[in-house]
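Here come two complexes built around subunit A, the first alongside subunit B, the second alongside subunit C.
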Partner chain A sequence: MKCGMGPEVRDLEEVSINLDPIQAGGRLTADAMKAVIAYGDGYSVCDHCVRPNRLDYIKKPGIEQFHKDLAGFIGMDQVRVVPGARRGFQAVARTYICKGDPVLVTSLSHYTEFLAIEESGGIPFEVQAGEDRIVSADAVAETIEEVIRREGRNPQLFFLDHVDYQFGNFHPVRDLIKVAHTYDIPVLYNGAYTVGIIPVNGRDIGADFVVGSGHKSMAAPAPSGVLGTTSERSDEVFRTTKVRGDRTGRTFGIKEVEMMGCTLMGVTLIGMMASFPHVKERVRHWDRELSNAEMILGSLLSIEGTEVLSEYPRRHTLTRVDTTKSFDVVAKKHKKKGFFFTSSLKEKGITGIIQGATRVWKYNPYGITREQAQYVALSFREIAQENGLNTI
Partner chain B sequence: MKCGMGPEVRDLEEVSINLDPIQAGGRLTADAMKAVIAYGDGYSVCDHCVRPNRLDYIKKPGIEQFHKDLAGFIGMDQVRVVPGARRGFQAVARTYICKGDPVLVTSLSHYTEFLAIEESGGIPFEVQAGEDRIVSADAVAETIEEVIRREGRNPQLFFLDHVDYQFGNFHPVRDLIKVAHTYDIPVLYNGAYTVGIIPVNGRDIGADFVVGSGHKSMAAPAPSGVLGTTSERSDEVFRTTKVRGDRTGRTFGIKEVEMMGCTLMGVTLIGMMASFPHVKERVRHWDRELSNAEMILGSLLSIEGTEVLSEYPRRHTLTRVDTTKSFDVVAKKHKKKGFFFTSSLKEKGITGIIQGATRVWKYNPYGITREQAQYVALSFREIAQENGLNTI
Partner chain C sequence: MSKKAVESIYDALFSLTDIRVILRSSAPNHILNLEEKEAVRNAILRVEEDIRTMRKELIE
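Presenting the complex of A and B:
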């Protein structure tokens, strides 16, 4: 079935259990779906825009209040919505990084942080995670010292992922930020896998900036995200325009330079707003999600030869496993080769794992029900047993 | 009625004729509405993303083909989708403008062009439109010469709106671009009010870059837009990442720096794709839209004292009028003051004109039916007559 003359209808979420590592926290709530229908038109939220004519001042619908609530939710003084977490990275990078400036990231940093640095002309320096795949305070201090020795000055900014996208590991952000702050390095806390999933309080953590992703973890349409900061930094990253038309004398009010004026209109913003009450509630039930994740990983680890590459026991649902000594052994002899695994899962109505993967792969059972988690756990074991792998 | 626990439902388009100047061309088609429901989740278009893992290479849904079709539609060699026209401006500005560089705009340029220049550290110089509120080739040449005299070098870029947002006037872009090119100045054609509304061929016009707005003129959700360029310029503005992790040796494939990697996922892109067949069709029927606009303006001009500030006869539906000597005369004595006018319109089910405006205001009847246009034309005259204004 097609959407009129448009693309084929997508029914993946309706007909299967989706374990896609990046899709789990972004699935829309029913309220967001309703809001998206009601506010489909781009400028739909601008019906009642009055002076000073900026998105975050609009009272009907309650965009102004939403900004305040969202600031409270992430424990920062000021927030703006942005077209994706990466545009939050870019705004901060463009504010603090000049050509040739050293910038700190980690060996597990997301590629969009590298791009934000590259786009600003900065030079990234990675803090190497330990053998446990966790970034330590000592490693941060050592890397800063090394940058100072080599570049003759401090890194200008530190991009720090609370939970990294590679292993779903938690890094001790509070300690790492403390180290950075002793060198007066501002820290951007990347909460793409935390904001909207677990409670996050930027002030408690000590972050100068908190970035979250609407479509990754806040049940909002793409591209959407949030950039929050402290009252100390807000005049820098949210600085207002100073430019002036030389002939007309025009100025442009309180539009913000790094936001490029107003940011999220229509479906993206309204979807985020509609999901927000549910998101605020769901972060309080992280234990349920972890419990589901634990059951599924337990099942996988009961298949002889399977290893978990993420920290263990798990503290996040996003998990990376190595099945080179289990499912990949089967793949070598199977007529479908590596595709036997995802193909078997698909037959059982489970999707979201990269097609053909039988060695190292990621999954994320966030947001599925207990019954679905039980079914997934059982299914992994069944596929193993059907293919002659030992289970304990 | 609320969207669940979310915002109030918006039913403006269902219950009224909306003449909002910025909303007219962005209203979703029914197919876009369907697509938005089917692809609400942010990463919904990424189900079948395979190497080289970039949005514009995805074959299912047909995003790769859409990029080719869209390039053909605007007559450019390469296109990318971007989160709003302003993010297209920013990408081009960041590629060509360094700190202190002079950049050409016009006295009618949109504020987001100024912000893109400011964000890049450039200095805008306005080409003054003539008394007819049209930018002339002579004025472009004179301003370039003046910039050269004052700054000792050429402007590095020229932001040129084909149809300006202030008057909805058409500017002779082909001639203006020719002048800029004699000075080797690349030109960004801003088609926020043309791409998706009238046929646009960037190659014919001579543009180096064409930017269009999804939510302003392509019946797509916000934030969305298109940035197209020539094969000569595409390696510059769409340059791929060169950054490398110093510890891990990581590189990031063919992700594009100014695009910040992948750009539009989910509703925004799929909505634009679903509307695209309709948009391709509708640009062929501009005459109908102009005919409606002509009728409405004729009615307004039949009210004694009303003047049109936009070029006349109209070549675009976006129109600015001055009713200081008609409706504003009434407002001075009316118990509702300036609000009598929009309030009377609202009673007749007509909306989108800035509340309380009775002097200079804009409207855009794009996309309404002939019958609705007749009704709007009649309504303006009725309000005039009910309030004792002479009509001819």
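Presenting the complex of A and C:
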């Protein structure tokens, strides 16, 4: 079936349980789907844009209030919506990093943080995570000292992922931020896997900037996200234009340079707004999500040879496992080779795991129902048993 | 202008969206519990009413 004369309909979510690690928290709520239907046209939120002609001042629909509510939700003084978390990284990087500046990241940082540093001419220095795949305060202090020795100055900024994309591990952000602040290094808290999933309060954590992803964790269309900051930093990262046309003398009001004026002007913002009441509610039920994740991982670990590479017990639903000694053993003899596993899952209506993966792979059961979690748990064991693997 | 027809379009699309969400939460087998069946039944009734309104407003 096609969308008229356009692309094929995407019915993946209607016909299967999708465990894709990056897609789970971005699935739209019913209200977001309805808002998308009503606001699909380009500049659809701009019908009532009046002076001072900036997105975050629009009262109808209630975008101005949404910004205030969103700031409260993440515990920051000011927020702007941005086209994805990466554009939040970019705005902060362009504000604080100059050519040759050292910048801290970690060995588990997302690639877009590196790109934001690269674009600004900075030099990334990675804090190495420990053998437990957790970044420690000692490692941050040691890396800062090393940078000072090598570069003769402090790092200008620290990009810190609360939950990393590789293992879904929680890092002790409060402690890490305290260390950075003793060296006067501002910290960008990357909440791509937390904001919209668990309660996050940037002020409590001590973050200078909080970045969240709408399409990864706030049940919003892509590309969407949020950048929040403190009142001390907001005039810097949200600085307004000062430029003037040399022939026309034109100036551009209170448009913000790093936001390129206005940011999300249609379905992305309206979808984010429509999901927001549900997102505020769902962060209070993280225990339910963890319980589902625990059941599925328990099932996987009951298959002899399967190991969990993420911290354990799990504190996040995004999980990385190693099935080299279980499903990969089957793959070596199976006629479909490594594709037997994802093919078997597909037959059972389960998708989202990288095709052909039988060694190290990730999944994220966030947002599925208890019944679906039970079905997934049972399916993993059935596939193992059907292929001669021992289950405990 | 037929305000009723316009409202019916959105109402029908929203009701169908409610069914879509139930398809998602019951995937892949779509075995609905009593509450879900009731929700689908009500959504279908709303869509049927919306179609009647559109027929009356735009065709008859």
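To be clear about the criterion, the second predicted complex is superposed on the first by the 392 of 392 C-alpha atoms of A that agree within 3 Å, B and C clash if a C-alpha of one lies under 4 Å from a C-alpha of the other, contacts with A are read in each partner's own complex, and residues count from 1 in each chain.
Definition applied: contacts are C-beta pairs under 8 Å (C-beta built on N, C-alpha and C of every residue); 3 or more make two chains touch, one makes a residue touch a chain.
Quantities reported herein were computed from a predicted structural model and do not represent experimental measurements.
Asks: Looking at the overlay, does A:Gln23 come into contact with subunit B only (first), subunit C only (second), both, or neither?
Replies: After superposition on chain A, A:Gln23 lies in contact with subunit B alone.
Asks: Considering only touches as defined above, state whether A:Thr241 meets subunit B (first), subunit C (second), both or neither.
Replies: First partner only.
Asks: One more residue to check, A:Ser291. First (subunit B), second (subunit C), both or neither?
Replies: neither
Asks: After superposing on the shared chain, does subunit C or subunit B touch more subunit A residues?
Replies: The partner with more contacted residues on subunit A is B.
Asks: Between subunit B and subunit C, whom does A:Gln128 touch in the aligned arrangement: first, second, both, or neither?
Replies: first
Asks: Which holds for A:Met33: it touches subunit B only (first), subunit C only (second), both, or neither?
Replies: both
Asks: Now for A:Asn390: first (subunit B), second (subunit C), both, or neither, which partner does it touch?
Replies: neither
Asks: So, does A:Glu13 touch the first partner subunit B, the second partner subunit C, both, or neither?
Replies: both
Asks: After superposition on the shared chain, which partner residues are touched by A:Phe252: those of subunit B (first), subunit C (second), both, or neither?
Replies: first
Asks: Which subunit A residues come up in both lists, the one for subunit B and the one for subunit C?
Replies: Comparing the two interfaces on subunit A, one with subunit B and one with subunit C, the shared residues are 13, 27, 29-30, 33-34, 37-38.
Asks: Which positions of subunit A touch subunit C when the two form their complex?
Replies: 13-17, 27, 29-30, 33-34, 37-38, 348-350, 369, 371-372, 375
Asks: What part of subunit B is in contact with subunit A in the complex they form?
Replies: By the definition above, subunit B touches subunit A via 3-13, 20, 22-23, 26-44, 46-47, 50, 60-62, 83-84, 86-87, 89-90, 94, 105, 107, 109, 111-112, 114-119, 124-128, 214-216, 220-224, 241-243, 245-248, 250, 252, 255, 257-258, 260-261, 263-268, 270-271, 273-278, 355.
Asks: Per the contact definition, I'd like the list of subunit C residues that touch subunit A in the complex.
Replies: Contact set of subunit C toward subunit A: 10, 13-14, 17-18, 20-21, 23-29.
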